[in-house]
Each structure stands twice: as structure tokens, then as C-alpha cells.
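Multiple structures follow.
Next come two complexes built around subunit A: one with subunit B, the other with subunit C.
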Partner chain A sequence: MLLLIFFVGKERYGIDSRKVVEVVPVVNCKPVPHAPSHVAGLLSYRGDIVPVVDLSALIGGAPARHLLSTRVILVKYVGADANEHILGLLAERVTETLKCREEDFKSPGFVASAGRYLGDLYIDGEGMIQRIVVEAVLPEELRRSLFAEAEKVADALSAS
Partner chain B sequence: MQKEEADKVVGCWKITGTEGDGSCPKLAARGHCRNCSEYVLAGRSLFDRPVPAGYQQQWTEIIAREKKAETAELISVIVFRVTHEWLALKTRYFQEITSERVVHSVPHRTNDVFRGLVNIGGELLFCVSAAAVLGVANEAADPTAQQKLRRMAVVKKEGRRFAFEVDEVLGVYRVAPGLMHKVPATLSKSTIVLTRGIFTLEDKKIGFLDEDAFLNCLSFDF
Partner chain C sequence: MKIKTKFMLAGTTFCVALSVAAVWVDSYFLQNIFFDQYKEKARILLYSMRAVRAHTGTVIRPKATELIGEGFMTELQSTSYAANGVFAKIPEENRYGLNFKTASIKPRNPGNRANEAETELIKLLDELHIKGKEPVWQGFRQLNGVENYVIAVGEVNKPACMQCHGRPEEAPEGMRKLYPVAQDDGYGHLPDRVESAEIVSIPVSAVEASVDRLRIYSALISIFILTIALVGINYFLNAIFRPVRRVTDVAQQIAGGDLQGASESLDSYSEGGSRPSEQVEQRKKEPDETGKLLNSFNIMAHNLNSLVGQVQNSGIQVTTSATEIAASARELEATAAQQAISLNEVSTTSNEIFATSQELAGTVQQVAGMVSGTATLAGQGQNGLADMEQIMRRLVTATTTFSARLSTINEKANNIGSIITTIAKVADQTNLLSLNAAIEAEKAGEYGLGFSVVAREIRRLADQTGVAAQDIEHMVTAMQSAVSAGVMEMDKFSEEVRRGVEEVTGVGGMLGQIIAQVQDLEPQFEAVKVGMQAQSAGAQQISEAINQLSEAAEQTRASLQEFKDATVQLNEAVQGLRSEVARFRVGGA
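After this line comes the complex of A and B, so read on.
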């Protein structure tokens, strides 16, 4: 499988490329008032409204810097409503992919309750890469509210 | 400006690596700094630059738009030049494009079309003159005309491999068949037979070669 690598600080994380729809440069998002700080905002993506989560803020606590290497990774995401949505993940230094074998991933053996989106680990010559569990990136409550919002918008549009 | 920025970077490759005194212990195993992850990471860090003005807004607009469905019908071609004529042939017929080679003439066999034998990776292949096959004037290739750009292309069709010289290779492009125009009937006959259409690329008119006709013209029976 192919792992799309990104950095939070000096640490490497990866996203299974099978989940990735598109990778685009950093773009302007519409801020969502009252949302947690790691929700970068809403993005108009090819006719859809896509929520964007700032992985640098989520994992590292500091929002992603806007550099050429900072990109929005658009991933397939099965929401609480069991429908497939698209979720944007804002991450720094998205410049590398890595070919690796599924069976080489090792369980971290320890998961903090708030960090359930941090999956198993892959070890290469440079250190460890932690895989992101895309489904768990959004906390349950946020997941429902975010995609509920998207649903409502869609419903309102189709009704008019 | 980018060059200046790159010069400012003082990487280990300039101190202990191939550009320095070569004392890096990893050098023996990796052969050259470009095979080392330090070098790769430094190169990638060039992307860690601030976003230019307007870039972010531009991309916001691009991804807001519906993606134009790329027709699955796109044809992948390699665009090359033979004398003054830009031509394209489907990529899948190309086996390799390599540097210019010495063509060894074969006594009593070499003629305008059949140029001789050429050594490609230890295999002797027939080398044909695309210019002669296409009937494009071989403007006695003036020696100053960018010799560096000349390449030897190796093509394969139905198990037969042969080589032909091109004066320049532009690269691999994907062309929508809808953008192909018919060849004007006023063109010389030989070109019409071998060209299926004409398309425009970077202000160049490019003749899209009919692979059957063109490659059959290139093949020989001895």
C-alpha cells in the first residue's frame, strides 16, 4: 500500500492513500464560529461543502503554517449517517509518499482516549510513522454536527 | 532568486559529502549524496516557503469549480521533431528514447531509408531514417543546430524492434482526439498517408502519426 506522509513538527504521520481523493494546496476556508480550534473551516470543494480539520492543530496543538508544502488532503469519510462524505485534512509538509506492506504495521500498544485517531506504527530507516485512522479524526459529537450541517445545506438546496 | 536561496543552504553534502571532503561515513554505502535521505529532505524543504500572493485564492477558486471530467479517451503520445516537422506517435509503441548513437552502415544495404545497425543495450537494431520515410526534407542538418537534443528512439510493434533518429523530443503528452484536425488535402501525399491528424501544442502544429502506416514503413524484410 501507499502511505501519504505528512509532518506535525518533526514527527511523521501517514494516511492510507486508498482513502485519499485528492491533494490540493492550502486554500482559504470559511471559518466555523464556535467550532473547536482544530476545525480549520469549511471548504467549497467541487460543488460540495467539505469540513476541514487542521491535523497540525489537532495533533500538535499549533495551527498549520501556510506554506507551499502545506496541503489539504481530501479523504473519503464514512460519516455517522453511514453515507460517504469527503473530509479535508490540513497538514504540513505533504511532500512524500511511502510504499509499505500492510503486515509491517505494528500496534502502538497504548492509546490515549483523546487520540483514538492515531493508529498503528510503521518503522523505517528514519524512525516511526503513525497511521491516521481517518474515521476517528472527528470526535463523535463533532462528526454528527458537522455532517448534519452539510446534510441540511444539501436538503435546503434540493428543496428549493 | 531560488538559486540564491539554494546557495545559502549549508547542507552536510557541502561539508562532508560529495561536494565537500567526502568524509561522510554513509557515503561509501550510498555512493552519492543524492541517494541519501538527508539530501532528499533538504530538497523537499524548498517547498517550505510562504505561499505566493494570490496563490491561495487562485486554488480556492480552482477547487470550488466542478472538475472537468477528463475524457477517458485521451491518447498518450510522445512528441518529437524530425528536421523541422513536429510529430507524435502513441507512447505505447516506444520502448526507449536514448542518447544519440553511432549508426554502423551495412555495405550494399544502407540507403536513404535504412541507415544501418545501431547498438541499443547490446542488441543490434535496424536504424531507419524517419525523415526519409516521411519525406520531410533532410535539411543537411546544420551542425550548429542543437546536436545535444538529438535522440535515438526505439519502437516496437508486433514483436519487431527498430530504432530511428529524432532531432528533439518534447515529451509525453495526453491529447484529446476531439482536438485533432484533419490533415489538409493540399499537403504532400506521403505525409497524408502517414498522418492521421494535426493538433496544436504550445503553438506548434503537431502531426499525429498513424502507427500502422508509419511503423510498417519503417519495418524491413531482409
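After this line comes the complex of A and C, so read on.
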């Protein structure tokens, strides 16, 4: 199993590479009005409208800085309508991968209601890496509204 | 003690001594005369009594014997009886204390019996008779325990006597009848012997009582005369000493300094008062010694009064003058002292001026030397400055060139920065690519394993490139900032160099001026030096003159001190004179 590593502050987090579609450089996103602050905006990817969530803002509370290593991780997940969707995750220092085994992950034993997207912990020589549960990053209501917005944008694009 | 008292004492002592001596001598002679008189009286009485006995024995008794015959009649025939009777008839007051007794050791009359002392006397007379001398004894003798003057004549038994007093058988009949032999002691007389005596005696005490009485009279008379004499002496002494006492009083007043009182006293003696004036007038008419003395005293007192007055006035004047002189001398001394101090100060100051001017001359010379050196140095400095200006101008040019070069370096560095950025972007892209490749290789499973390794290797190279690019970027950035700092510094430096050049130019001009001025100064320094030397010589001369003046002032001060001492002595002498003279109270003279 390959884990894509990123940083929030000085803490390392990881995303299962099987969920990753592609890692792309940061491009200008279209902002979504009235959305929570950790929603960075909407992104066009190969004809699809992808909502982007700023993980630094979500986990660390501060928006991600514009560095060369700050990138958008495009992940796929299955929504409530059983269709597969793509979600953009904005994160800092996305430059490394880590090879690891599924059995070595351990539950943290404590999960806050607002932090259900934070998964099991993996320990290597440099400390702990927490895995992000991609499906739990967006709450249902936000996801619905975001994808609705994305469909509207997609309709507008196709109409033009 | 007053002379009068002395005179009185001496006179009294003399008179008393004289009186006592007179009384003593008088009483001695009186006593002798008295005793002689008493002896004479005793002799007269004795021989009177013997005459009575002789008369009775030779005249009356034979007649009576004729008349009465055989018998014996005591009243007619006893001689001792007759004598005793006659003596008894002498009145007591005419006896003068004398006693008469016909003492016998063989008396017929028991009343005539000799007592012990009389018996001894009779024996003495008997012995005188036996020796062929007159049986008479006179002298002082103890009778009945009392000292008496005694004169005694022994009765020698004659043959006539022996008829009745001899052997009894030879006595007449009548006698024997009258005086029986057995009872009578009047018989048994021895022929030609003395067995009875007529004794006249007088107690010495009686004589002495008379003498004492006389002495008392004599003493009383002496005292009386003495008193009169003393009164007389006193009167005469008063006559002599009263004026003397007055003169003495006046002399005491003069001695006590009361000249006024003395003058007044003399005036009162000569003018006031009744008795003294009379006396004085009398003396004026006919001046005796005391009068002359008083007049002389009067004149002397007046003269002394005026003299002392003058002396007092003169003393006051002299004191005033002496005090003034002393004050003047003190002032003069103070002035001299101040002068000396001032002179000392002036001397010190002139010495200092001398020293200072000499130092100054030396200093001026040094300064002149230094000025010459300065001129030379300034000349050298000007030349150096000119060279420096040239160098600085070249430096400005070089700096400008250097700045331009630095700008070029900066541009080049910027170019390097853009290249590095490009490299970094490429590296990033490569990293991204390798990430995606790795993810894709993972998705490919076992088929992607080899690709996965390649992707990781690519990513490692990309990372290294990125890091190197980052390092280069840092270095370039540092170089750029250093270059810009260097450019700024160089700008500042070139600005400063420009200003330095200007300043050097200014300094060069100033140095030129200094050199000119210093060159002008040199002859002036020479003049100053000459002036300084002249001043130094002058100061030395002044100092010498001042020293001489100071010595003269010191001598003056010493002379003034002596003068002041003399004044003080004069003042003391005058004070002494005044205190002496002040004892005299002077009238309005």
C-alpha cells in the first residue's frame, strides 16, 4: 500500500494512493459564495467540475500557503447517489509517498464528532501519520450543495 | 609717739627718780640724825638720872642720916628710889619712848632686879671695869625680845656703898631692921665691882616709826613739788609743741598730697581764729622760731601747690603728647609694616614677573622654533595634500567604475535568479510527475513495480535538483543583497571621497594661509623675544630695587619699634609721675 504524504503545520497526514486520481498543481479556483471557509472553491478537471477542500484550513484552521509544493490531490469517492465523484483536496508539501502495510495501522481510540474524516495512525521512525478518510471529509449537506453547484456550473459550461 | 609725750615721759621719769633718790637720801640722813638725837636724849636722861642719884647720895642722904640717925629711910636715902621717882614723874609724852631702869643683880628693891639681858649687860660692864676701862656701853641690843638702843653706865661699888650693901654684919642697925638679911638680896656686894647699872633704852621700832612718819611727810612734799613741776613742764611743752603740732599737721597734709587743705590750714592759722591769729600777729611782729617755721611752711605750701599744679598740667600734657606720639608711632609702624608687606608682595610679584618673563622668553623661543617647524610641516602637508587630492580623484573615478561593474553583477545575478526559478519549476513539475507516476504504478500493481522504482528515482533527482536550485537561489539572493549593499556603500563612499576631496582642497588652501601667516610670524617672534628679554632684565632690576627698599623699610620698622618702646617708656614714666603727683590735691592755683 502506498500512502501519499502531506503536511498540516508540522504534522504529517496520509491519503491512500488507490483513492488518488491525480496530483495537480494549484490553479485558480472559482470561489463558492456562502460556503464554509475550508472550501477553497471549484476546479475544472478534464471537463468535470471538482469542488476543492482546503485541508490545511479544515485541520489546522489556517488556509494553505501558495508554495510550489502546495498541490491539489484529486481523489475519487462514491457519493450517496452511488455515482463516482472526484473531490479536490488542497494540501501543503505534497512531495513524498510512503510504502506501508495495512496491518500496521492502529486506531487512535478517540474520534471527535467533527473529526470523523481523521482515520487510523501509522508510526514510522519520524513519528505518527494519520490517514484521512476521504469519504468523510465533506458532510452530507455540504456535499450535496457543493455537487449541485458543480452540476450547475457544468450545465453552464455545456450550455456555452 | 609724740615728742611731747616723750618729753613728758622723760621729765616725769626724771622727776620721779630724782624725788625717790632725794627721799631715800633724805630718809637715810634723817634716820641717822634721829638716831643721834635719840642717843643724845638717852645720854642726857642717863646722866640726869645719875646726877639725881649723885645728888641724893652726896647731898640728901648725909643730911638725912644726920637727921634720922641710925635708921634708914628709903624715900630720903635710896638713890635708886629717887632716880626711879624722878623718872616716873616725867610725863609720858615727854619721855620720847625712852625707858630708864636702875638694874642690879643684887637689888634691895625687888623692882630693880635685873632680868637676864640686863644681867649680861651688867657683867659686860663689870668686865670693862676690871679691865680698867670706863664701865660705859652703848649700842643696839636685844632687851626682852625687842631690839633696843641701849646706853648703860655701870655703878662701881665704892666703900661708901659697901656700908649698907657689903657684909650684913657691917651694915647699920636700922638697915638690918628694915631689910632683914635673910630676906634681902641687897647685901653681899663685892667691893670695886660693878653689880648694878643705870640703863636707858629705847626700842628701835619707836625711832623708826618717827623716821617713817618723817619719810611720809617728805614723800608727800616730793609728790606735791613733782606735780607742780610736771604741770609747769606740760605748760611749757604745750607752748613749744602746739605750733609744732600745727606745722606737723600741715606737713602731714602736704605729705598726704592735700596741698589745698594745707594751704587752707595755714591760712586759718594766720587769718581765721582768735588765739592763733593773735599768736601769729604776735609772731609777725616779733617772729620766733615757730613763727618763722609757719611762714616758711606757708610759702613752701603755696610754692608747692603751684608747682604740683604745673607738674600735673604738664604731666597731663606730656601724657596726651606721649599717647599721641605712641598712636602716631603705632600708625607709622602699621604703615611701615603694610609698606613692608606691600614691598614684599611687589618684590615677590616682580620676581614672579622676572621668572615668568624668562620662562615666557624661553617659551616664545620654543614657540618660534615650533612655528618654523609648523611652517615646514605645513608645507610638507600641503604637498602631501595635493598628492592625496590627486589620489582621491583617481579613487572617485575607480569607485564609479566599480559601481558600474557591481550593477552589471546585479543584473547577471537577476538573470541567474530567473534561471534558477525555471530550474526549480522544472524540478517541481518533475516531482509532481514522479508522484503521479508512483501513484499510477501502485495502481498498476505488480506490473507497475519497475515503473514505481523509476518514478521514485526521478522524484529523488527532482528533489535534489530542487534543493540545489534552492541553494543556488539562496546564494544568488545573498549575492544580490550584498551587491546592492556594496553598491550603496560604494555610492556613499564615492560621495565621501568627493567630499574628502573638497575638504582636502579646503585644508590645502588653509595650510597655504597658515604657512604664509607663520612665515609672517617669525620676525614678530624675534621682536617678542627681544622685548621679553628686556622685560626680564627690567623685572630683575625692579626686584633688586624693591629688595633694597624692603631692607630700608625693615630698618625703618625697627627704628619705629625702638621709638615706640621709648614712647611706651615715656608714657609709663609720665603715668608714674602723674600717679605720684595725683596724690596731691591742688587748690585753684
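Here is the rule we use: the second predicted complex is superposed on the first by the 150 of 160 C-alpha atoms of A that agree within 3 Å, B and C clash if a C-alpha of one lies under 4 Å from a C-alpha of the other, contacts with A are read in each partner's own complex, and residues count from 1 in each chain.
Just so we're on the same page, contacts are C-beta pairs under 8 Å (C-beta built on N, C-alpha and C of every residue); 3 or more make two chains touch, one makes a residue touch a chain.
Please read these numbers as outputs of a predicted model, since none were measured by experiment.
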With both complexes overlaid on chain A, does A:V78 touch subunit B (first), subunit C (second), both or neither? neither
Does subunit B (first) or subunit C (second) touch A:M128, or do both, or does neither? neither
Partner chain(s) touched by A:V111 [first = subunit B, second = subunit C, both, neither]: neither
Under the stated touch criterion, which partner chain does A:S44 make contact with: subunit B (first), subunit C (second), both, or neither? first
Under the stated touch criterion, which partner chain does A:T95 make contact with: subunit B (first), subunit C (second), both, or neither? both
Which one hits more subunit A residues, subunit B or subunit C? B
First, second, both or neither for A:N28, with subunit B first and subunit C second: first
Quick check on the superposed pair: does A:L68 touch subunit B, subunit C, both, or neither? Answer first, second, both or neither. both
Let me check the overlay on chain A: which residues of subunit A are in contact with subunit B and also with subunit C? 22, 24-25, 68-69, 95
Which of the residues in subunit A come into contact with subunit B in the complex? 22, 24-28, 43-47, 66-70, 93, 95-96, 125-126
Sites on subunit B touched by subunit A in the complex: 37, 44, 47-51, 55-57, 59-60, 62-67
Complex interface listing, subunit C residues touching subunit A: 424-425, 428-429, 431-432, 435-436, 438-439, 442-443, 456, 459, 463, 466
Of all residues in subunit A, those that touch subunit C in their complex: 2, 4, 17-18, 20, 22-25, 68-69, 71, 94-95, 97
